[in-house]
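You will see chain A twice below: alongside chain B first, and alongside chain C after that.
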Partner chain A sequence: MNQNTQLTGEWKTDERPVPKPRKRKRLDSEGRWGILLISPYLIHLIVFVAFTSIASLYISFTDYDMLNPPEWTGLANYSKMIDDPLFWKALKNTLYFTILLVPIKTALALVLAVALNQKLKGLKLYRIAHFIPVISSWTVIAYVADSIFNPRFGWANSLLVSLGLEPKNWLADEQLVIPVLVAVAIWKGVGYMMVLFLAGLQNVPGDLYEAAEIDGAGPLQKFWRITVPLISGTTFLVLILSTISSFQSFEQIYVMTAGAVDGVAGGPNNASLVLMLHLYREGFTFFHMGYASAIAWVLFLILFVFTFMQMRLQKRWVHYD
Partner chain B sequence: MKRKRSFSLFLSALLSAALLITACTGQQANTGDPQNAKNDSEQIVLKMGYYSDPPTQKKMEELLAKFMEKHPNIKITTETGPHAQFFQKLNTQIAGGNAPDLWLSDGVKVFEFAERGAVKDLRELIEKDLSKEEYYGMDANKGPGGEVWGVPQGIQIGVLYYNKALFDKAGLKYPDANWTWDQVKEAAELMTIDASGKNAKDPSFDPNKVSEYGFTIFSSPVGVSRGWFPLMKTFGGGVLDSSLQKAVLDTPENKQAIEWMVDGMKRGIFPDPVDLQSFQDPFKPFLSGVSGMQIDIYAARVKMREAGLNFDVAPIPAGPGGKRFAPSIVNSWVISKTADEKKTQAAWEWIKYWATDDEAQREWASLGEAIPVKKKVAEEVLTSDTSLNAKVFLDSMEFAGSLDANAVFGEWRKAFDESMFPAFSGEESVEQGLKKANEAVQKVLDGFYKK
Partner chain C sequence: MSIRKILAYAAIGISSAIMFIPFLTALFNSLKTVGQFNKYPPELFPDPIKWSNYSEVWELANFSTYTLNSLTVSVLSILGAILSSSMVAYAFARLQFPFRDTLFMIVLGTMMIPGVVTIIPQFIIFKQLGMLDTLMPLWVLEWLGQPFGIFLMRQAFLGIPREYEEAAKIDGCNPFQIYWRVALPMCKPSLATLAIFTFMAKWNEILAPVIYITTREKYTLPVGILSLKGQWTGGNDQYLVAGALISLIPILIVFLIAEKYFVEGARSSGLK
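What follows is the complex of A and B.
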């Protein structure tokens, strides 16, 4: 198909004009320099990304215990995945975690960014306050979260009890563990997304708001009609980044669900087992590196489809100037 | 033209820089290479791996220095790190054909390495140089074909730790070698106190507001050495049969044992998994003095002393049929399959030094981390420890047994944990839990042994 259209040459009509040969030569030389200057990154990409990705694709079709050479088993790892209840549980948990986390975090980041884009007293202090969790390690965050959600000593339960309600087991409760993890992930991640939105907001021309005000628009109208469409590019970026990072959540869950004890995280009863954790456990604890690689590739495919869908949908709502 | 020249100049500069970098790293990685040994005609350079924390690392380096002084032809370079990281790195090193020549293996991991073909059979060397009767744990690393995969480095054995202060407070007699599980539960009831100060025998006792527990027995994976596993064994049950390839979980003995545990958790006299989670560290109830008893291994004394506890030990109680069992973990030296003849000999010299040299054994024992493998030294060290009834550890050796560790130990333990969780939290019957666990564990075993 492609070849045909290329042969007819029709598609070239809206292409840029073919550069003159002289110019092209100059570009080539610059191009070479360009490639050379980015070569450290290129080498890194080839050795540590491309090569390892292809190697893991190969390993995903083998039985590989890391100690002996891989044995080709075809699609066995992939069919094992279909029969593995833990894989489905992990996939479900990952989707639940993502669907809960991404919209709330994005909306909250936008609201915070708009609020902190005003001329407030102590503005920088507020911005820093929201950014501190971003730069803190998950271990530190886990300690702080424990002071809130510890069933015995945490103040979330103190609050419930003082209101006459039943205390909860939070991270030890199968129903509550993911919502609690999401709440903590929002707290840690919202600052970063807020900074991205703040950068987007700086680019919205002030005169648009002035013109709207003259026409009698209220704050809500200004937000929905001016701010939201004009920062849709940033919103798109935030959504993609958040989705990818929440699919890859590992450290938080490893640290917050008793990962330190015996390397067993994802509890209670695997209620917080996500795909990355399942992959880690299979690969590095149980020597099933082939299966772990297969999980990695399925995770990649899921992420690819998600991102592709978001890219497709962006035409409907994202505006670039 | 000029541009072209500067381009190639830049390119060659970049390439030579790259060469320089690889040369540097190459040299660094070569310190343990036989190439270097050639220069110094006799010297053999060995790479040794061991897991450590700061005090054990310091002591190990001291012992290595002493060994190298005695054996100037052997140079040992080391690689070390905390337990989890060490083994993770080791796996990738073995995978990359870059394993240390010898390493210290956690006792439960020896078969993981051995049955995947990563370590050498040391049977002949042991028969030649070590007399088996002089050491503890010599049978622990024995394979089905008579292979011996490792030499004991230090012994851990499980006993019943008890908090003397809590026993005194409740006016109870301390546990002794004749105790049964019923006596443990009886004492636990009297020691468990709720927020209003009532003990578990009081009809108005509130099991949801316990401030001091009677007995910590673990249902989590750590329970393999400190909970469900030794309990099931004393009740006459267990996880695997003697071939270590068949699950035998679905038995009345196991059911009785686990029901005994679940009953204690339901009544609030043993902390349940949720209670333990609220302490962050599952060992905290006993360490912070709010649990009367706990099953734990020899090394646990160190932290208990640091916590300032007033404690002592008794053997793990006998089961209803009088059966005794003490879980034991024999951490061991293993030699990599990839080590050549010379390196194997050199590695064996180190292992021999470790096992036979009384002074080395005493030095290591001074850390209090493990029972020395040489019986003579172990007796000397333990009888001189008057701070507690240390003889209990030696007496427990008589009925010590392994944790059914095989090539898939970590995996079957996880399968057990997953299947039994609903039973331990009271959502499912113990019978159902054990049935599910039996299937799940068997599936793991078949996944490896029936391939």
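What follows is the complex of A and C.
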């Protein structure tokens, strides 16, 4: 069983022949043990997944401040959202952040993985270097990034000044805040994605490249004609997972933009307000639980439609063999 | 050496430097005196090297409390993840029970579904249970099995030969005993991966403590360090950097010792 078939969504199966459906009404001993052993997860599923999902859908149709009982208001929260300029700003910022982040990070991760797959010496050392940002909390990353992007003592401005350019305000600049956040997110996350691609690459059979070389293919041709199609399963998965997670970005923006200008995360002037941050403010700062739940459902639906469409579209570009 | 290899070395070398240099500049900053930190233009190397920034920030900022809270959350989460996810996974791997395959599809499905819709009702549930402003919401769900852990451990159980379990069954062990005494000890590498991944997630978590904890004494490290930023104004940047780097040390040590499990965990998480 290699990594690649797992990546395509096939997993190991129980090899035993499936017993014919038993007509006994009572559970046999094995069945009872099975239910008993999975019972923690059943509780998780029923209380913390099924119940919470239904509850949040219900709350999204109510006015609920957690002190008084929820009051049914129908679609009021959703129509409020349509008229809420901050919601639209947050949606726009989230899209901008995601569209900038996901393709660049994916491309860089792929290039690095291909480079790392050339049987280089010191592979472990390179992997460690690329994984240190991955294992760091966003708090650590925020202070480390501060040594580069702080307008006062950061090295980015020293570099600009030494080149005779104007220093920038970076995270305190409405135009620059999202690009800087994206740069830092790439820096933190590219190593993780690189490892995923590396696993995919190790399953590409070497004889394919040899055959292509005999046919006179150059390195670029080999990359586009062999590597890219053969790891498209990994690419598909990586794109979906990283889109879902960057659409729900919260920690990075909460940590890195707090106090950048006015002490309120999402600044300056809401230029880095993303949907999760809007949800957090509405829910946990103002206790507008109904409205926050409505935002959660809209976010969920966007991601659901995106994932569903990708699943349908994957046949066009994802090669499984 | 071929041109291809030289290019590969160049790409990886430059990228490794970009990965590492910001940590180095942050480390240098954490060793500066207040006076040197505020010099303009900034100087790269600390002069003199003020190691005591680390001990001073530890004292000034209640770091032992934050560290203890982080450790509590991490250890209880790891225990919960190891025990419950592996038990659930064993049933999915080896036992026949009604709706087993449907339920497992749901496990896989919940890994793909964004968690955003459950945040608010979970908060309400924990409020009803009287767990707000305690550490419990940060670890208790790990004891009810997590999809990633279940998936990872199920793969591990399916990979071990059946004969040992058959033998134990003939000796009269019940399924729990077989799981606990025979199957689980054979899956130590996957358990290590699960433990390390849980540690990384919990040690670094920010969203849950931000939502659930209001009392300063109950903050975990990443949130505690953040709160200092608002509390201390100006002239303390070197302490904040030192504090942040202190919080990196435990996970960095675990990572350097058990690098292969981190990589394994990263791969498995991509399989979902």
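In this text, the second predicted complex is superposed on the first by the 275 of 321 C-alpha atoms of A that agree within 3 Å, B and C clash if a C-alpha of one lies under 4 Å from a C-alpha of the other, contacts with A are read in each partner's own complex, and residues count from 1 in each chain.
Operating definition for what follows: a contact is a pair of C-beta atoms (placed from the backbone, for glycine too) under 8 Å apart; a residue touches a chain by one contact, two chains touch by 3 or more.
None of the values given here were measured: they were computed from a predicted structure.
Peer 1: When the two structures are overlaid on chain A, which partner does A:T285 contact: first (chain B), second (chain C), both, or neither?
Peer 2: first
Peer 1: Quick check on the superposed pair: does A:W88 touch chain B, chain C, both, or neither? Answer first, second, both or neither.
Peer 2: In the superposition, A:W88 touches no partner, neither chain B nor chain C.
Peer 1: Now for A:A172: first (chain B), second (chain C), both, or neither, which partner does it touch?
Peer 2: Only chain B; A:A172 stays clear of chain C.
Peer 1: Who does A:F308 touch here: chain B (first), chain C (second), both, or neither?
Peer 2: neither
Peer 1: Under the stated touch criterion, which partner chain does A:R152 make contact with: chain B (first), chain C (second), both, or neither?
Peer 2: both
Peer 1: Name the contact category of A:I59: first (chain B only), second (chain C only), both, or neither.
Peer 2: A:I59: touches chain C, not chain B.
Peer 1: Who does A:W224 touch here: chain B (first), chain C (second), both, or neither?
Peer 2: So A:W224 meets neither chain B nor chain C here.
Peer 1: Of the two partner chains, chain B (first) and chain C (second), which one does A:Y41 touch, if any: first, second, both, or neither?
Peer 2: A:Y41 sits against chain C, while chain B stays out of touch.
Peer 1: Determine, for the superposed model, which of the two partners chain B and chain C contacts more residues of chain A.
Peer 2: Counting contacted residues of chain A, the larger count belongs to C.
Peer 1: Could you look at A:L67 and tell me whether it touches chain B, chain C, both or neither (first, second, both, neither)?
Peer 2: first
Peer 1: For chain A, what residues appear in both contact lists, the one with chain B and the one with chain C?
Peer 2: Of chain A, residues 32-33, 36, 66, 146, 152-153, 258, 263, 284, 289 contact chain B in one complex and chain C in the other.
Peer 1: Mind listing the chain C positions that touch chain A in their complex?
Peer 2: 4-5, 7-9, 11-12, 15-16, 18-20, 22-23, 25-26, 28-29, 37-38, 40-42, 84, 87-88, 90-98, 100, 103, 106-107, 110, 112-125, 127, 141, 143-145, 150-151, 154-155, 158-159, 174-176, 179, 200, 203-207, 210-211, 221-223, 225-226, 229-230, 237, 240-241, 244-245, 247-248, 251-252, 255-256, 259, 262-263, 266-267, 270-272
Peer 1: Per the contact definition, I'd like the list of chain A residues that touch chain C in the complex.
Peer 2: Its residues touching chain C are 3, 6-7, 11-14, 19, 27, 30-38, 40-41, 43-45, 47-49, 51-53, 55-57, 59, 66, 111-112, 114-116, 118, 120, 124-140, 142-148, 152-155, 158, 161, 187, 190-192, 195-196, 199, 219, 234, 237-238, 240-241, 244, 247-248, 250-251, 254-255, 258-259, 263, 276, 279-280, 283-284, 289, 292-293, 296-297, 299-300, 303-304, 307.
Peer 1: Which of the residues in chain B end up touching chain A in this complex?
Peer 2: 3, 7, 10-11, 14, 84, 88, 91-92, 94-95, 112-113, 116-118, 220-222, 273-275, 277-282, 408, 410-411, 414, 417-418, 421-422, 425, 451
Peer 1: Taking the complex as given, what residues does chain A use to touch chain B?
Peer 2: Checking each residue of chain A against chain B gives 29, 32-33, 36, 39, 63, 65-68, 146, 150-153, 169, 171-172, 258, 261-264, 267-270, 281, 284-287, 289.
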